[in-house]
Each structure stands twice: as structure tokens, then as C-alpha cells.
Amino acid sequence: MTTEIELGRGKRGRRAYAFDDIAVVPSRRTRNPEDVTTDWSIDAFHFDIPVIGAPMDSVVSPRTAIMLGQLGGLGVLDLEGLWTRYEDPEPLLAEIASLPDEVATSRMQQLYSEPIKPELVTARINEIRAAGVTVAGSLTPQRTQELYQTVVAAGVDLFVIRGTTVSAEHVSSVAEPLNLKKFIYDLDVPVIVGGASTYTAALHLMRTGAAGVLVGFGGGAASTTRATLGIHAPMASAVADVAGARRDYLDESGGRYVHVIADGGVGTSGDLVKALAMGADAVMLGVALARATDAPGNGFHWGPEAHHAKLPRGRRVRVPQVGTLEEILYGPAAQADGTANLIGALRKSMATTGYSDLKEFQRVEVVVAPYDHR
Amino acid sequence: MTTEIELGRGKRGRRAYAFDDIAVVPSRRTRNPEDVTTDWSIDAFHFDIPVIGAPMDSVVSPRTAIMLGQLGGLGVLDLEGLWTRYEDPEPLLAEIASLPDEVATSRMQQLYSEPIKPELVTARINEIRAAGVTVAGSLTPQRTQELYQTVVAAGVDLFVIRGTTVSAEHVSSVAEPLNLKKFIYDLDVPVIVGGASTYTAALHLMRTGAAGVLVGFGGGAASTTRATLGIHAPMASAVADVAGARRDYLDESGGRYVHVIADGGVGTSGDLVKALAMGADAVMLGVALARATDAPGNGFHWGPEAHHAKLPRGRRVRVPQVGTLEEILYGPAAQADGTANLIGALRKSMATTGYSDLKEFQRVEVVVAPYDHR
Amino acid sequence: MTTEIELGRGKRGRRAYAFDDIAVVPSRRTRNPEDVTTDWSIDAFHFDIPVIGAPMDSVVSPRTAIMLGQLGGLGVLDLEGLWTRYEDPEPLLAEIASLPDEVATSRMQQLYSEPIKPELVTARINEIRAAGVTVAGSLTPQRTQELYQTVVAAGVDLFVIRGTTVSAEHVSSVAEPLNLKKFIYDLDVPVIVGGASTYTAALHLMRTGAAGVLVGFGGGAASTTRATLGIHAPMASAVADVAGARRDYLDESGGRYVHVIADGGVGTSGDLVKALAMGADAVMLGVALARATDAPGNGFHWGPEAHHAKLPRGRRVRVPQVGTLEEILYGPAAQADGTANLIGALRKSMATTGYSDLKEFQRVEVVVAPYDHR
Amino acid sequence: MTTEIELGRGKRGRRAYAFDDIAVVPSRRTRNPEDVTTDWSIDAFHFDIPVIGAPMDSVVSPRTAIMLGQLGGLGVLDLEGLWTRYEDPEPLLAEIASLPDEVATSRMQQLYSEPIKPELVTARINEIRAAGVTVAGSLTPQRTQELYQTVVAAGVDLFVIRGTTVSAEHVSSVAEPLNLKKFIYDLDVPVIVGGASTYTAALHLMRTGAAGVLVGFGGGAASTTRATLGIHAPMASAVADVAGARRDYLDESGGRYVHVIADGGVGTSGDLVKALAMGADAVMLGVALARATDAPGNGFHWGPEAHHAKLPRGRRVRVPQVGTLEEILYGPAAQADGTANLIGALRKSMATTGYSDLKEFQRVEVVVAPYDHR
């Protein structure tokens, strides 16, 4: 089904495409941006916009989770981050933003070695739920068995299991691995799980009963992952592959629609448009939201891989603050670089290409046209 | 008919080419540059050169429209620009050229919020017509119904409807959209309409009765459109596709030849040559003419998207002033960068490849040879 | 025969390759560099190395023509350059090397407007012949009829007709064009003619009776030609195409072998190796020899297109001086950048890939492996 | 079997891929890094890690050969380097690290002109063997006949013959070339030989009876080799081709498994992962180990081609010192750039893609996804 390239006598591989390699093209119909809807629903939960704040301490705090919910999206709190390790992480977030580069990694390793406190997990979830928005929290596969009962008891609406690569079939000789299928079947709460970056991996995750699959090699900039691990799953192809798995699983399961959520590589409104064009139902945003003046990162952005003890595959990076969370989502934009008014840009793009809802927009025509940043 | 690439299981797309990706190659015959003609006619109007000044305030004023006409080309006045909003825009043009970068966008948004005055529309058209050159003015699809009667009554020779993307089938729930087919049928004046960037979109525009179609995603540099909207229609492929629509429509209509005008991506004489080589009948020039010392932009260039209220997709840019409008078109060129003597370069290119007129030159051989600017 | 790419509905084109896009790969056999021969013969003339100095004032003077001959190669004097316009051009060459950038073009236009003096043509040719080396001089197609009798009477061994693009079929309404076939037939001296950059153009040149064909779009850096004229003939493909014409013409003519000489794009020993690998019999070097401390350009390099009156497509460029002409050809090299010991590198490359003479080396395996200069 | 591209009428070539052009992608299974083994055996010798220190004076001294052995890998001493020319090379290594750039090449040419002393060959080998690690030394094909008896008598475990390109069929008119087949047959010690970069060259080397084949164009950065010789064998394709030869030779020989060792282009853990993914059994590391604070190069790196008398194809380069040899192999890594914790990264990559040993990992899925370093 896919075209393989011969790399040498012993090896073949597919050409894979990044968002930068592709672009959306207009077709014969156009629409008014006002006639476009950006609605998205997963399980019983409805959202005005297909935007999920990534479970990273620089992006989602209880406060920004509530803001994102009120702005029509969803914020996922990292239940293994500072908010469940410390009573009051605000001073620590401020400290991280003030650290000189050379000590940032070691100080963050120190901060994140504080144990997770189940009572804080409960408290944070309660705080978000009290605001009346949809509540979502994330755990890594490694900590899920230890903490999920606390999380469910506290009352999350959506449960996110997110790791670098999460497979339906994890092999371990040292511990009984998480049986995702049984775990999800037993749980009352819908589960979003990932990252997965291939058709097969995603299809297996869909068969576990997940409500949504995160597409991507979650965590760490593509450049550092590639330099350290040699691994790279260019996102345009990864999203299309997983969307293909969604279609095949829909048939195989007799009608279960598993949502495909692009998680990684979406830094601008142009990337967001392309992720949806390649077949994503929604996008999980990290750096794009960390650029908010009211984001918890205070102008910095980092993921869990930045403070890995022996093999850091990322680092704390300074990000430009381009406006409030609301301005980043709804404008007005002061600059034409795709960092603000993400939803305005999405509407304009859908209108220009003649589509009125996100599901239809997945069929928009794209071209391969590698872009030279110069 | 076109070769599609599999981007992933769920998605296919064509490879699209920019002018930078291609080059013209000489064939077995050569000619004297003196034996080459660059004539171009559309409807009853004849031009010595296939060059149209873009309807942008930094490029075409009544004065430069007249100059372009006298130099053998055509200037299209933006009938929604400063010249129809203010009695005397010259001081405002000078002010725009003197604004610091940080306030340019907001001051321009202010200036362009002044209402359009129908009497100024009439006055500007009269001024150009009085000089004895072909008169052309442009409106956006949004303002066409409001203003076209004033424009036609004032006596334009060519009517241009130009928007980001103009389709023959615009869908709107808030207002009755412009019925292009009926509008063009009822009008006595030939209409040039666009931008369109695909075969299908262009074919539908041709069926409305337009005399010419603008090829491109009009307005905004490719880089910013791509970052904000995720949209990009590389011009070499877009021109070839629309030229393909011209050929098919010629057959379908029993002989109506709709002119294909490349509008975007033509910044140098090399680009101009390639646009014609890919099948364009003429080119609409923006930045290439804004570089004239006597252009109204006074060393700056901007389009309507630069002062969009909520989603600016461009900005006022400083451009090098390389010579008078006449030198830009006919030389002599002081530098070998393709910014001056556009027509001399076109003649040399046609002569070197052995073609004697523009219609023949559309058959010239091209190669794919991506160019590294370093 | 060639694979075409669809660029759009109305247009197809081949992918063309530059020397930078390809590389030679070793095969199963290796040899001692001492067992390799770099001999080359054209007509009755034999050379130790397949290197021709380009007819450019910065590269070949009577003195360097003699040096190149004594070093085993061939120098072609530009018979329309300073040496046939002035009794003593040495002070003028020194002046050109001392001009500030901003006045270089205009002063050179002035210097080259001095008329050509037939008696100087005779004197220069005599000077070279007196040194006992093979004598070669070049004219443009435009001046050939006016000056060839002087050139032949003075006694050149090889006659070079070199222009931007030379075709066997030049069309002109203002003057009787040079009938190459008749001209070459009537001449007693073997003729090398070009540039040609396609199979068809080269095949027609071969049919005129030429002893050699120059491959390339002679004159002007690829970058400026591409920006100004939109023309680019990537050299690896061009050489292979013309080598294909050589093979087909050999069959068609019942055994006449026309030499293929790469003229352009050969700046390093790596490029020289690749030109021969793609099928060239010899290379014509410009900038590679202008880097000699004893080259007439005194650390500068320019071609006739640099002082074109209305459409300059190049300019005087400063080049690093890397050693004497002898060191550039035979080493020792102080740096590993391919600018010196061109012949040593060629020998090493032939030995490493197991070939013992240049004709065999045309069959060496090459790969497409675009090179990133960073 | 391989897809060829038409470069022009006279020439075809394959597209070849570098490590930078490809990436490994995760599949449906994941594992614990603890369950992964990186064992490798060649002949009777077993190693914990598939890492060989390259025979270069900046990488392997007797001391670092012992350290590498104790850390689970193998160090190969260059038996034509400073250690067999001087009684005490430490001051000379320190001097090389202190030389200004402009005199480095000439001083190194001087230092390496000192004759090789057979008694020092014996002494160095004895020193390494006394430490109880596997002993390996390398000679060039040119010096093998002169010195191999000394080497074997001193008691090496593995004999390495390493040159720019080593073929099974070297042709020489000046000296009787080394008959590899007879030489290896007569020798009691297993031989690793290379570089080879194509299927055919490697297959012929395998037929000589070698235990391992080095893949690469040994010596000199790809960039300088390409600029000087026009030769480039992109490593991803070269490793796959030679792995293909291994498979075919395994069948042809009725079961002899010849080890494929990537030698060149492996500068980071990401490259190491990709080399194994393309089919290598082990990697030979130069610059990656020269970055150790305890490497003999003292922060500099050079190969034999850097002090070639007439055609240097490399130079002494300064390299960042990123940690001890142990930290480079096993971490912890302070930076996410792939220069430290090579084995930790390999384990993580294998675990993430679900493979438990190196032989299985050769089957991991790869994609073509050219990487933009910006």
C-alpha cells in the first residue's frame, strides 16, 4: 500500500513527510469564515475548538486548565509534575524561569525528584472540576498502576496515558507491565493514550479500547531525539498513518471511532491546519501555548525528558511571549508568524478551501512542497 | 493524470514546484534578441510587454499606471486603496515610508479604515484615461457589488476582481455572495479574476466568462501565508495547472481563450521568464515594480493583507530601489541579480532558446533543478 | 528515454543534476596511482592532461597559454579580449585588479569598448606558436566571419567558437548568420564549438563537423544566469546528455568521435573528476585556474558577460590565490579543498575506483547524493 | 534489484542515502531498556558493546585500547602511528594539540616521517595484551607484507587491514600487490579488512576469508573527500549494501557469517543507532571517542590522510571534550546532542522500538526523512 524506497541491498524504507514538507491548497469552492465550525467532541465531551493543552508544567497548571476549558478547549494536567509534588509550585516555576542555563538541568532534576503526593493529585483535580470545565489529567505508563485509583476517585472526565512511545504490547522482565486492554476495559473513564507514530502501533492501541490516540514521539524536540536516539517520526506522515488506522479500525470494530490527536510538531497555526488536514481530529499543543504571557512557564518551556537523570533528550528553552492565552487562540495577532490567533487562522484556512467543519476538512487537498525557511 | 505521492495511509498529495525548483534550458535553435516579440493582447487591448502592475498602493498610483501604459504595459489601480479614500494620499504614502517598524501595522490599519469615496474612484479612473493609456482598476469580491457601477460608469477598459482566493462558487450564510457568472455576463467590460491556484478552481472561473484568470494565492508572502494558514500553492505548478485549464476550456467552449496571468512569486526577470515558460500569458508584478525609485511606495512594499485587523498575513517591507520604472523594465541593469532590465532578460532568454513570440515560448523545455541560494 | 516529471497539467520536465548532486563511488578493483594515465588527444593534438584554460582574460594570456602547454594542457586565448585590443594589456589587468567594486563594471565596459586590432591577433598567436605549444584561440559566433581569416592565417592549431549558447541553427533577420556547417567544412583547422547544454543542440553541433563540443551555458555564474534569464543547465546531466549525443553521432556518422568538453561548473578537483565520470573527454577551466598566483587576473576573475553593456550577467569576483599554476595542476596541495593538485586528485580518484585511462573512467559508477555544504 | 535514476542520456546512477537522510521509527512493541542486550561476538572474541575504537592516534593509544577493552569494547591500535615510531609519543601528542593551525600539517608530516620500529610494534602489543583485553592492531595494505610477521609474532587477537579503499583485486605494475586471499588463508589470526563501500567490493573482500569488513571510504571527512576526489559513499546505503553482500555470501559460502563494521559517519549515538539499523554488526568510532577527555588527542582529532605529503584530504580538527571515555559510552550525559551515553541511547532506542538484541535490531523499520539541521 505504501511506496518503499530501496536504501541499499539489504534495506527498504518509506519516505516520511513533516508538516514543513507539505501545504494545503485551495480548491474550487470558498466560504465565509463565519460559516465555519471548529467543534470537536470526544466521548460525551464537547469542545468549541480542537485544541488540547499538553500535560507539561510550562503549559498547563490548574489555572490554565480552567482557562483553556473556558476558552472552549481542554487542558490536561501532568499528574506527575510539580503540582502533585509540591503544595505551592508557583515559586518553583518562577525559580525555574530564573535559572541560568548551566544549572537549569541539575536544579530541575532535583525539583522533580520530590515524591508525588496522592492528596495533591486529588486536590488539583478537585480545583479544576470546581470551575465547571472538563477535567483531564495524565500519567506515564510507568506510574499508572500506582496512581490511577486516586485519579479516578478524584473524578477526572478524561484519563490520559502519555509516554515517549506507548505500545499495546510492552515487554518487561523486571515488572508486570501495564495491561492496557484490561486496564481500559475496567476503567469507567474514557482513556486517551500515546504516543504512537505508526499505523500498526496505533491500530493496536485502538484495539485496547482507547477513546483517543496521541500521534507522535511524545517528548523532546525532533532534533534532539534524532541526534540521541536516531528516531524520528515525521508528523505529517505519522498523522496520516494513524488516521488510516482509525478508518480501518472503524470497519474492524463495527463502528467505534477512535480520535486521532496530533501531539508534537504543532508550533504554529499553519502546523495546526496541516495536522487537521492530514486527518487529526484535534491537536495537543505544547510550545504554542507556552508562548502565552499567562502560561505557567513564564516564558520558558520544558518537558519531562529535559530532566531525565542519565539521558536528557531536551532542555528548558526560552520561548517568546506573544500574547495572552486568549490572544494566542483567538487573536488579534500582532505578527504574521502563525503564533497568535490560531483559531482565526484555522477558520480562514477552512473558509478559503471551502470546508465548513473539521471532519470534512480532513479531505482537503495537500501538496508536497518542501519549504525553505530562508 | 497527475502523479500522486502517498504521504501516509490516509492521504495522498501531488509534488508541487516553485519557480526556484525549475529552470529553462536552451534547445537546438537560437535567435537574435532583435527578432523576438514580447507582444501581448487581451480582449481588444494590445500591449508591448506582458507586464501588469499589481493593484497595490506601493506599486500602482494613477501616475505609475500612466507610466506603465506609456512603457507598453498595464497598471491596475487598487480601487480600495488610499487613492479612493483620500483626496491627496501622497503625504500618507510618504508617512508610511517613514514609520518605525513597530507602529507601521497599527498606523496603516488606521489609514485604511477611512471610507472609500465613490467620487474619488471616478476621479482616479478619469485621470488615467485622460492620459490615453488602457485603464484598469481592481476591487475585492466583497466590495464588487457595492462599487462596480461607479467603476464601469467612470469608464475602465479592464475590470479586475482580486482576492486572496476567488472561487466561482462562494458559499455564505450571512450575505448573498457575488454571482460571478451573472455579474460578468451582464458587464460590458472584460473581467480579470483571481487568485486561483488549481486546475479546478481556474476552470470554474473560466466558465464564468472571465477574460483572464490571476494565478496565485494573491496577497501576502508565501512564507507568512504558509506559517499562518498552512496554505501554499507553489507557482510553477499552479501556472501549469491553470494553463492546462485554459487548454481544456478552449476545447470545451469551442474556442474561447482565457488569459492566464501569474500573480505572485515573480520577483526577478528569471521568475518572469519561468512564469511564461510554465504557460502564463502575462505576469502581474508587485515587489519587482515596487523597487522602482519612482514607485509610490518610496522604497517600501505592502499589500492589503499587511493591515488586516485581526489576522495580518504580511507586513510593510523595505525594498531596495534599483532604478527607475523604465530601467527596471528596459535597463540598463547595473547588477546581475534579475531586478532590472526585465524585458531585456526576457528577450535574451527567448532568443537563446530559439523562440520568437510569447505563445511559442510557453513550449520551451524546462528542467527540475532545485536551486540552492547559498 | 528520459524520465519526465509532471510539473503541472500543462507541463512536464526532466530532473536535471548538478555536479554537487552526484558523487563517484569506488568499485571492486583498485589500482596504483602510478598506473593511471590522464592522456587526451583531439584531432592530431596530444595532451598529458584533459585540461583546457578557458578563453577569459583572467585565466589565459599568451604567457599562461604557453605555461599550460608546457604543463601538458592547452590554453585558449580569447581573441576578443584585452590582448587583441591593446598593445600592452598588463597595466590594464593590474588596474582591473585594483578597481573598487562600485566602478569595476563601468571601467571594464570602457576598456572592452576599444576596437580589436587584427595585427594584434596575429602577433599574439605568433607569440604562443613560437614557444612550441599547441595554439588555440577563440572567437564569438558574432565576430567569427569578421576575424577568422586573420586567425587562420596566423596559424592556430585549434579554432574555438564560444558563445553563451551556440546552435547549429541560428535565426536572424538582421544579418546573415554564421553557417557553421559550411564554415567548418571550408576551414582547414579543427573547430571546437559551444556552449551547448542539451542532447539535441549538441547533436546538431556535431553534425556541423566540429571536432569538439563545449558543454555548458558558457559565461556567467549559474546563480546570476538563473536569476536574470531563468536559464540553468545543471552540468552533470548536461555532460551526460552531450556524451549520449557523442555516442549516437558516432554511430550515425560511421565512426566520427566528437570530443565532449565540460565548460562550466568545474571549480574543484572533485568537479573535474565528476565531469569526466559523466562522460566528458576534457574540461575547460576558468575560476579553477584563475586562482593561480601567476594567472593574469591577479586574484580576480571575470568573463565577457561581466561587462555586457545593458544586461550584465556576472561581475568581476575576487578569488583566493592558492598556488602557482603548476601547483594547482600537480600539487603539492596545502589545503584539502580541491583547489590544488587537480591532476593528483584525478589520478587518486581513478586509482581508487580501479580505472587506468580517461575513456574507461567515463564508465565509473556514480550515485545521486545531494551534498549539504554545511 | 536497485532502482536507477537516469542522470542524462549517457549515464545512470542510484540514489544513495546518508545517516542524516534516514531515521528509525518505533513499531508496535516496546521493551524495558533493562531487557536489551548489546552483546557482539566476532570469531572467538566477545564484547559487551558493538564499539571499536578506530586506529587513529587521536583515538587509540595502548592506554585507551585497554580502557575500551575494560569497558566492554575493542580498541584498535594504529601500528603505523606515533606509538610505533617513537619510544615516548606522549610529548608529541601534546605538541600536536598545541600547534597553531597554520603549521599543524607540516609539523605532522615531519613527525610521521620517522621510520616505524618493529620492536615498538612488539612492545605496544605486549602492553595491551598484558592488561588482559582483546588485542587488535591495524596496518595499511601497503605496509602489511613488511610488518605482519612482527605483528602476528607479538600476538594480536584481531588483525585489521585498513586503507582508504581496499579491494580484493588491487592492480599494480610497480610492485607485487598484497594477495589478500592467500594472505588471510595463511594467517592464523582473524582479519578485519576495509574500507569497502559497495556490494561488489565487499563481496569480493568476503571471499578472501576476512572475518569482518569495514564499510566506508576510510579516512577523511566526507566533505573533503568529496571536494578533492569527487568520491562519496553515503553511509546508510553503503552499510545496507554490504549487509546485503553478507547475506548473499552467507548463502554462497554455506554459512560463513562475515561481520559488517560501519567505519565512518558515526559521530553521535543517533548515527550509531542508524548504522546498526541499516545492518551493521558493529561500528568503528573515531571522532565520537576523540571527544573523550582521556582520549590521546587531547581535544584534537586527525587521521593519516591529514598528513599526506602531496594531497592532504583532511586536517587536524579541534573537537569538544564532552566527558570521560566511560561517560561517552555509558553516561550520564549532560547534553542532549548525542555525544555522550552512546550505549544508553542505543538501549533506549532498541527498547522503544521493541528489539532485544543487535541482530534483531537490524530489521527495525526506517524511513527516509532528510533532516534540516537548522
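The first chain written gets the first letter, and so on, giving A, B, C and D; residue counts start at 1 in each chain.
Following the convention adopted for this analysis, contacts are C-beta pairs under 8 Å (C-beta built on N, C-alpha and C of every residue); 3 or more make two chains touch, one makes a residue touch a chain.
In this text, all values refer to a predicted model and were calculated from it rather than measured experimentally.
Asks: Listed by label, which chains are in contact with subunit C and with subunit D?
Replies: The common neighbours do not exist; no chain touches both.
Asks: Residue numbers at the subunit A-subunit D interface: does the shared fraction exceed half, giving same, or fall under half, giving different?
Replies: Answer different: the two copies use largely distinct residue numbers here.
Asks: By CA centroid distance, what chain is farthest from subunit C?
Replies: So the chain farthest away from subunit C turns out to be A.
Asks: I'd like to verify one number: the distance from the centre of subunit B to the centre of subunit D, where each centre is the average of its C-alpha atoms, in whole angstrom.
Replies: 57
Asks: Just give me the whole-number Å value for how far the CA centre of subunit B lies from that of subunit C.
Replies: Their C-alpha centroids are separated by 40 Å.
Asks: Going by the touch rule set out above, which residues of subunit B reach two or more other chains?
Replies: If we look for residues of subunit B contacting two or more partner chains, we find 15, 17, 237, 373.
Asks: Across the complex, what residues on subunit A touch subunit D?
Replies: So the residues of subunit A touching subunit D come out as 5-11, 13-18, 20, 105, 164-175, 196-198, 200-201, 203-204, 217, 220, 223-224, 226-234, 237, 309-315, 373.
Asks: Please name which positions on subunit C make contact with subunit D in the complex.
Replies: It comes out as residues 1-3, 15, 17, 22-32, 34-35, 199, 236-241, 243-247, 268-274, 277-279, 331-338, 341, 344-345, 348-349, 352-354, 356, 365-369, 371-374.
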